[in-house]
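Questions regarding the structure given below will be posed in turn.
Here the chain labels run A, B, C, D, E and F in written order, and each chain numbers its own residues starting at 1.
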Amino acid sequence: MLLTRKIEFSASHACRNPQLSEAENQALYGADANPHGHGHNYVLEVTLEGDADPVTGMVVDLKEVKGILEREVVEPMDHRHLNREVSPFDTVVPTTENLAVEIWRRLAPRFAEGPASLRSIRLYETEDLFVEYEGR
Amino acid sequence: MLLTRKIEFSASHACRNPQLSEAENQALYGADANPHGHGHNYVLEVTLEGDADPVTGMVVDLKEVKGILEREVVEPMDHRHLNREVSPFDTVVPTTENLAVEIWRRLAPRFAEGPASLRSIRLYETEDLFVEYEGR
Amino acid sequence: MLLTRKIEFSASHACRNPQLSEAENQALYGADANPHGHGHNYVLEVTLEGDADPVTGMVVDLKEVKGILEREVVEPMDHRHLNREVSPFDTVVPTTENLAVEIWRRLAPRFAEGPASLRSIRLYETEDLFVEYEGR
Amino acid sequence: MLLTRKIEFSASHACRNPQLSEAENQALYGADANPHGHGHNYVLEVTLEGDADPVTGMVVDLKEVKGILEREVVEPMDHRHLNREVSPFDTVVPTTENLAVEIWRRLAPRFAEGPASLRSIRLYETEDLFVEYEGR
Amino acid sequence: MLLTRKIEFSASHACRNPQLSEAENQALYGADANPHGHGHNYVLEVTLEGDADPVTGMVVDLKEVKGILEREVVEPMDHRHLNREVSPFDTVVPTTENLAVEIWRRLAPRFAEGPASLRSIRLYETEDLFVEYEGR
Amino acid sequence: MLLTRKIEFSASHACRNPQLSEAENQALYGADANPHGHGHNYVLEVTLEGDADPVTGMVVDLKEVKGILEREVVEPMDHRHLNREVSPFDTVVPTTENLAVEIWRRLAPRFAEGPASLRSIRLYETEDLFVEYEGR
């Protein structure tokens, strides 16, 4: 059984690779390359996999899940400028793809010992664009 | 090909295991354990799998699907207090997980003889929390 | 200028007037009259009216608004059975209309001394049904 | 990693098979069989699969994806009557299922040479009904 | 107190004035002028004004409202081509504006004798475009 | 009759008044005061008032409205850091309130000569917080 919890956070980012020239960044990222950054209300869906406990009827204690998401994602990323304040985005381009990988990297160990494992995450940059990642 | 039909129903539930003490129920379920119950506008997505018929272009007759969902889910559960009026929730804790299992148990036989089989269901308790179940 | 803050709470209610017969309640409220109650994810929009402060650029301190809504609405009503646990719904039928009036009655005094006054509230029982109330 | 881009288009369709009698069409499709057609705001989610490029952090250039979706779906189908103006729906019944197959047929070759391949599409006819197709 | 009920219907329309030339229609309406028509999932919000009855707690009997909306709007307009099947759109251009006026014209008399009067309607053609009308 | 067009743009902002101390900014704006800025997917609803033209059935030419919104709001604000790149937010705190006032100031003259006048704007910072402004 899969259980998904959705959270939101608001952050700024600029899509620029410091190893590339200004023209290359413009060609690759267009308006996203603006170095001052722009922002999004990111929506994150975190999907856990496990069996419902026969006594509690729960896959996982949702209060614990909420705590993990708060500590690992909301606290470090909400109301932040990703490039300037959140590692590793001083050197890694914070595209939605790379942001999903980083969120996975932070969350997966927190669910490694059960009772439910991290199955996938879905990250919406806007309503019209999202990525899904299952680790590798 | 997968085809998904979404329906809604409003119901009350209380998350309490009568085999546990009041303190244990509070610790496990928090405010959900309130014995008077509270309620949700549940949203259910039912996903069927099959091939589009070459003549009709349809995986399944949607009027029949609607009838099955009405009879098996909406009629018995809508505007009900799950713990008090819907079997087996007098003895089984109606968490979203257990409610999804029960809905699956009711729906799967209705689609067992085709033309489309029940592939999965997704049940939203709120916009921010949902479970997915594929039977077992 | 109007500023609106949206919150949600989950509650049970039964629409029955104890002064009426069972048949009258059924005729008036249909399935809503089920005495065990059913539930909703209520959505409340609270609209305040005021001028943006020239120094802060804010109509009102949103942290204070959030605190008021938590204390006056979420804490007493969330995860509750309105008829059985929330005054005056032991004697007043908790229709969406009456619930909006009660929420107004609780909120209006909290905003009476400014800097922004309560202008209106909108209460959704479901996505397809809502009421708006401006006091009287 | 999966990346999904959502677009919308508005079109008319009538669900009728010209090989069937009027009575058969009515029995199969109900109001959908009205020969004048009716319409929907279709929502299409296109899911691509690939790895994030280590330099750009992108699975695919979204500007190119947008161009492909414009040319293959929006331009030929938006503000059109599918049965009368969009091939092959002069002879194929434009059910949501068949429309998804046709959109897949148009899109898959455009993503055949990378860097990301077409993984699945989801097509909403209304908020309550959608199909998913992964080709075959 | 205002009470709003939301319904949906799917219809086709073409925005063309038969008194104008093809070029004038194209200039005015663009792709909307396509004579075959295109379609939308229209969303209609109907707002009634009245006092909550002190006994029932209701502004109006929602079952009666639903019946009126079914008879006056859904039955004649759902799954229809407005220009070809719904009066007066054989001669009146079915813009969202004119469609709202016609819906008002049909609904207002049904609420003229109370207990609640028609206050306004809001008609969405898409999520991004809607009109509001209060009669005149 | 009122006609509303919705658009979106993504921008960064920091809520800080340079005339105040760091401690005062923190006390007033909390996490919003982070000087690096954070971001939102802003949603703007622009409401125009006018009569439907008897020939065209339109309150206003939507293509012109779209052009005005693109030039006055999307181009200067989308993918921008409001404090650093959009006047007057180098000296005015870009709260949602002040941003709504500035958008009104930019839009109102563009609709001053008809055929429809600017009636109000609604600006969502998130789904749960929005302001409405009607000029003064």
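As a working rule, a residue touches a chain if its C-beta (ideal position, glycine included) is under 8 Å from a C-beta of that chain, and two chains touch if they have at least 3 such contacts.
Remember, predicted model here, so these are calculated numbers, not experimental data.
Colleague: List every chain that touches both subunit B and subunit D.
Modeller: Output, common partners of subunit B and subunit D: A.
Colleague: With contacts defined as at the top, give the pair, C-F or A-F, that has more of them.
Modeller: The comparison resolves to A-F.
Colleague: State, to the nearest whole Å, the distance from the C-alpha centre of subunit A to the C-alpha centre of subunit B.
Modeller: Taking the average C-alpha coordinate of subunit A and of subunit B, the gap between them is 29 Å.
Colleague: In whole angstrom, what separates the CA-based centres of subunit B and subunit E?
Modeller: 34
Colleague: Approximately how many whole Å separate the CA-defined centres of subunit A and subunit E?
Modeller: Chain centroid spacing, subunit A to subunit E, equals 42 Å.
Colleague: For subunit D, give me the residues that contact two or more of the other chains.
Modeller: Residue numbers touching two or more other chains: 127.
Colleague: Once you draw an edge for every pair of touching chains, what topology comes out, line, ring, star, complete or other?
Modeller: Other.
Colleague: Touching pairs of chains, all of them, please.
Modeller: After working through each pair, the chains in contact turn out to be A-B, A-D, A-F, B-C, B-D, C-E, C-F, D-E, E-F.
Colleague: Touching subunit A in the complex: which residues of subunit B?
Modeller: So the residues of subunit B touching subunit A come out as 15, 17, 19-20, 28, 30, 92-98, 100-101, 127-133.
Colleague: In the complex, go through subunit B and note every residue touching subunit C.
Modeller: 8, 10-13, 31-32, 34, 36-41, 78-81, 84-85, 126-127
Colleague: If you look only at subunit C, which of its residues touch subunit F in the complex?
Modeller: It is residues 1-7, 52, 55-59, 61-63 of subunit C that touch subunit F.
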